[in-house]
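Presented sequentially are two complexes of chain A, the first with chain B as partner and the second with chain C.
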Partner chain A sequence: MTLRAYASRRLLLGLVQVLAVATAVFLLVQALPGDAAVALAGDQPDPARIAAIRTAMGLDRPAPARYADWLLGLPRLDFGVSLVSGRPVAEFLAAGVGPTLLLAVPTLVLLLPISVLVGVTAALNEGGRLDRVLTSLTTGLHSIPEFALAVVLVAVFGVQLGWLPPTAVGVDLAANPAVLVLPLVVLLARPVCTISRLVRAGMVDALSSDYVRHARRLGLTETRVRYRHALPNALAPAVQQVARTADWLLGGVIVVEAVFVVPGLGTTLVDAVAARDLPVVQGLAVVFAVTTVVVNLAADVIAFRLAPRTEVAT
Partner chain B sequence: MRLLLVLAPLALALLGPLFVPERQQRHAPFTDSGPLGTDFVGRDVWYQVLSGGRTVVLVAVVAAALAYAIGVPYGVAAATTRRRWVDEVLMRPLDLLLAVPSLLVLILVATIAGPGLVVLIVVVALVGFPDVARISRAAALEVAGRPALEAMRLQGESLRRRTGYIGRSISRSLAADLGTRLTASLYLVASASFLGVGVPPDAADWAVMVDRNRVGLFLQPWAVVVPAALIVCLSVGVNLVFDRALKEVRP
Partner chain C sequence: MTFTRRTLLGVTAVLLTGCGTGTSAPTGPRSGGRLRAAFAGGGAKEVLDPHLANLFVEAARAKALYDKLADLGSDVAPQPRLAERWEPSADLTRWRITLRKAVFHDGKPVRPADVLASYARILDPKRAFRAKSSLALIDLANSRAVDDRTVEFALTRPFVEFPNALAAFGAYITPEGAEDFTKPVGSGPFSFVSFEPGKSALLKRNPDYWEGAPLLDELEFVIANEESARTNALLGGQVEYAHDLTPTTARANEAGGRMTIHRAPNSAVQAFAMKLDRPPFDNRDLREALFLLADRPQLVESVLAGSGQPANDLFGKGYQHYADDIPQRARDLDKAKFLIRKAGAEGLTVKLDTSTAAAGMVEAATVFADQAKGSGLTIEVAMGNKDTYWSDILKNGALSSFRSGAMPIETHIAQRLLSGAGTNVTKWQRPEFDALYATAVSTSDSGARDAAYREMQRSLHAEGGYLMWGFADWIVGAAPSVGGISTAPANTLDWARFDKVWLR
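Take a look at the complex of A and B:
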């Protein structure tokens, strides 16, 4: 299959996926207990008032009609209107995207170099002391829940030593990069472990492969063999994992945002669920689904280019 | 070393509740009375630590077990069916679940169903079961193609015996994956409790303690650091122990 045919097929599949997720979330949200109109009526739950609010918000219309309207609005980036504040959902999404990107982009930029460094170092020392230490470290750290790590780091570096600000409360993120240091460390911990292990495994495999032996026999320098021939093949499985990480980061890292009080997409989601602001929840779910599809597609295409022999999911 | 890392928090979690006195004194919040001080409502942190591990560990284990209980039959059914469309119908929806962040599912379902440990268990199992189903399907697919199974089918062996054969054959691949599933379950349970999903806000639970006592981090760090460190030890320990066991089984 050519790259183009493959990509367009995957794109179509992705569209179906987004549609299915949108539908599933719409149904789930319908099942949420509590009526937004009752909540909005507040202290005076007067039936007439509730009915008026319901009509104003279109909640009295049948679910299929609302579903159709909502779905048709999506391609125009019209996600509907927040039930709680009456502002367009798109505004909420736009407000959350900034902080989320501010955490996601530096994490992604740092992720690959660090993981490759750790993975390649371990692979070149295969079986040695350094390899064993690095492998135990990455295996162990891999499973720590972010909030536990985050709180321990805040207690040590933010409170005891006072080197870094403990949270981002009331701080402009972009103007104070120091605020981002601890969240970035926490966000990097798990992905670096996973990806460096993949790089190590891929590199060990590649270094003992026939084509590397052949390249060495041809008299290529060791550096060239390692980094031009072995590494790209070792990276192909890592790229898929980077995609999953990117997907996770762009989906708003709920826990890390909660600990460090960053007003990103994750916080937007938690607040929206707590306030029963259903259109916002639906909008977020659609954004997350689109991100997943796009990121995975990009990763598969890159993996295809890096190691054309690799079987790709169809 | 590895074993100590997992046994110490595990023992504390499972046996700890036995050493908590029935009647406890309340003190002022975030003071230094008691070995680890007091928490946000003035309870003794040491007793909270003793009684707070059980739910985390038990919920994680039960949820992982439930994920297996649903996922394995599901995956095996998809692998052994002779009709392709059944396989597709069973497995395709699982791809969709992947496109939704697991914490989003967790928060939504928990909001619909209300709080409660059962809800937490069911949701964590629900989030974990697609992976189990996929692994069992892959393992069973390899077994299902074996001549041995074909022969059993031709001889008219009962479905029960054929299923038993498949079960025994895939148990090894499933065991290899057990550590990953357990740590993933532990991770989800802890993160969910931290976010306040499925547990009462004043529960004696390590993750809840970390969340609730964060406000007093400057006054009384032990109330936050000790439970957080225990969760860290437990996750790291479980992962290392299973990793080592796996290496010994399959060098």
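Take a look at the complex of A and C:
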């Protein structure tokens, strides 16, 4: 099968997946206890008031009808309006995408070079002291959960030493890149560990493979052997992991968003679920599903290009 | 070694600076500057429509931008605001309200038509604003503008506490016809500059405010949902005011000199609610047993980390009409055991519903379950869903965690303790109690009124469904450079009163 045919088939499948996710999310939120009216009434749960809120929100209409309306809006890219605020869902998504991208893109840009550098260095020193130090560091760092690392970094570098802003409260992210430093470190910590371990393993495998031995016998320079022949093969398995990381980052990492007060998609989702604001939750589900489909497709295509003998799953 | 020495010098310098600010004489109010205040928010669903205000940040913003006719003073009794004074008719069914000379931010005067239109909007049968139930007794069709500074309200029944309704949460006065609140126009101490829901709102001084212009040039509300983030932002100098901190944070930072802690006593009551209409708490003896099982000082010490005081199963300590003369209850395990046996409840297990919907509820439930050990009654803590908690406990279960912010005792009774009340969690339904309330609010004889309030509280204390164990302080952290922060209970007039705050 050609790459193009494969890609278009995957995209079509992706469309079905996105719709399935949106439907599942609708049903799941319906199954949650309480609705938007109950959540909004909060500590004033007078049944008469809840009934009035429900009517004002249009929640007294049957669920299938509301779902059908929402589906019909989708082809026009109309995600509906928030039950609670009456603002278009698209506004919520647009507001959350910016901060999420500001965290995700620099993380991804830094992730690959750092992990490849660490992984390759370790592989070239396989069994040596440097390898063992790097291995201990990466396994150690990987065992620290994001929130713990975030809290410690804020306490030390933000509050105690005052070197970096502890949070992004009330700050324009794009204009003050200093506020992004601590969140980026937290977001990078674990993915760098996993991916550098994968790169190291792949590189060790590749360096002891037949084709590398053959390349050396042909008299190619060691640099050429390492970086033109061994590395691309070593990267193929890491690409899948990068895709998973990208998907994780683009969904908005709620822990990091909460500690550093970056109002990205993760925060939007948590707020929307707490408010039972179904149209917003569904809009986010579509965004997340599309991201997952696209990122994974891209990863498969890249892995295929890096190591063409890799079989593409169909 | 150099590094260590330098670090030491740095630390000393910090300490010295700390001492410097600590010992210098506090300077008086000064005008100018921008105060950044961090609050928990509600994400993109936040609104500036003051009638829709629900969250603390929305209430604080509404207060900065708008006025009510009345608001609650530190004793939670109504004080005139946009209303300069009020005069009821002899039968308490018609109230004549004289408006203050005030102008909206667009320069137009505040007129009776604006007041009537605001209340008509809140009372719109097709909508569900929070203040609706408080204002529901206004007969709008028969209310009218007398002249350009006087409104006369007709009520559907005699009601001496009508000013409480004027001070209700969300009962703000907006210009007639206001429906679009993207650029809100109010009569409050600050006027609108910009707003990003879930992120920030910037307001600036209203030089023409009727009570005198605020001291601050600008006021910025920023949103940080996590308490730790608000604390860190304050410690890191990113904000000057952090709303709603935990007692633990207050304790940890009180002595550090990097933030000042402001405690507002009596801001929230912490309680357990027993339902009287179903077993096992339809039994009066068992309710009393629970009252006697609670070790209130221990609950205050462990759950509120000492930032509070024990309560006496009555709402509103220090508020107008509070029955101070009823003796404080203390733990009495032996009597509780006896009552449990008398009620035939020995060996019974009762589920205590709780959730993280309000701070401290889960901890209190756990401590109380522990205090009940050895009494013959077992209390089993059950975690509920925080988003729907208040609606769930209104209908289900027999025993639940409860907390409430400040409101007049009259409002507490009207909303929670009358037979027809909308949020009667304890299912306290007594015709004789309803009659006492009716007397209290419909008589202009203040002696008879006080007697009725005392009688109602006596019966609630003796056999009611609320085990109110503590009054929590409301805790706000501020930079040492901030002056003029009041410690009035949360939700009252002087809480989040940024027009009185200044930066040194």
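Just so it is clear, the second predicted complex is superposed on the first by the 290 of 314 C-alpha atoms of A that agree within 3 Å, B and C clash if a C-alpha of one lies under 4 Å from a C-alpha of the other, contacts with A are read in each partner's own complex, and residues count from 1 in each chain.
The rule is simple: a contact is a pair of C-beta atoms (placed from the backbone, for glycine too) under 8 Å apart; a residue touches a chain by one contact, two chains touch by 3 or more.
Everything numeric in this text was worked out from a predicted model, so none of it was measured.
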Would you sort A:113 into first (chain B), second (chain C), both or neither based on which partner it touches? neither
Touch check for A:151: first (chain B), second (chain C), both, or neither? both
When the two structures are overlaid on chain A, which partner does A:159 contact: first (chain B), second (chain C), both, or neither? both
Once the shared chain is lined up, is A:50 touching chain B (first), chain C (second), both, or neither of them? second
Check whether A:62 is in contact with chain B, with chain C, with both or with neither, and answer first, second, both or neither. neither
Once the shared chain is lined up, is A:251 touching chain B (first), chain C (second), both, or neither of them? first
Which of the two partners, first being chain B and second being chain C, lies in contact with A:261: first, second, both, or neither? second
Identify the residues of chain A that lie in both the chain B contact region and the chain C contact region. 32-33, 151, 154-155, 159, 166, 258-259, 270
Using the touch definition from the top, list the residues of chain B that touch chain A in their complex. 95-96, 98-101, 103-104, 107-109, 111-112, 114, 183-184, 186-187, 190-191, 194-195, 207, 210-211, 214, 217-218, 221, 224-225, 228-229, 231-232, 235-236, 238-240, 243
Under the definition above, what is the set of chain A residues touching chain B in their complex? 17-18, 20-21, 24-25, 28-29, 31-33, 136, 139-149, 151-152, 154-155, 159-160, 166, 248, 251-252, 254-255, 258-259, 269-270, 273, 281, 284-285, 288-289, 292-293
Complex interface listing, chain C residues touching chain A: 36, 38, 42-47, 54, 126-128, 130, 132-133, 196-200, 220, 222-226, 228-230, 232-233, 235-239, 357-358, 385-388, 390-392, 394, 404, 415, 422-423
Would you mind writing out the residues of chain A in touch with chain C in their complex? 32-34, 38-50, 52-53, 55-56, 82, 84-85, 87, 91-92, 95-96, 151, 154-155, 158-159, 162, 165-167, 169-171, 258-261, 263, 267-268, 270-272, 274-277, 280
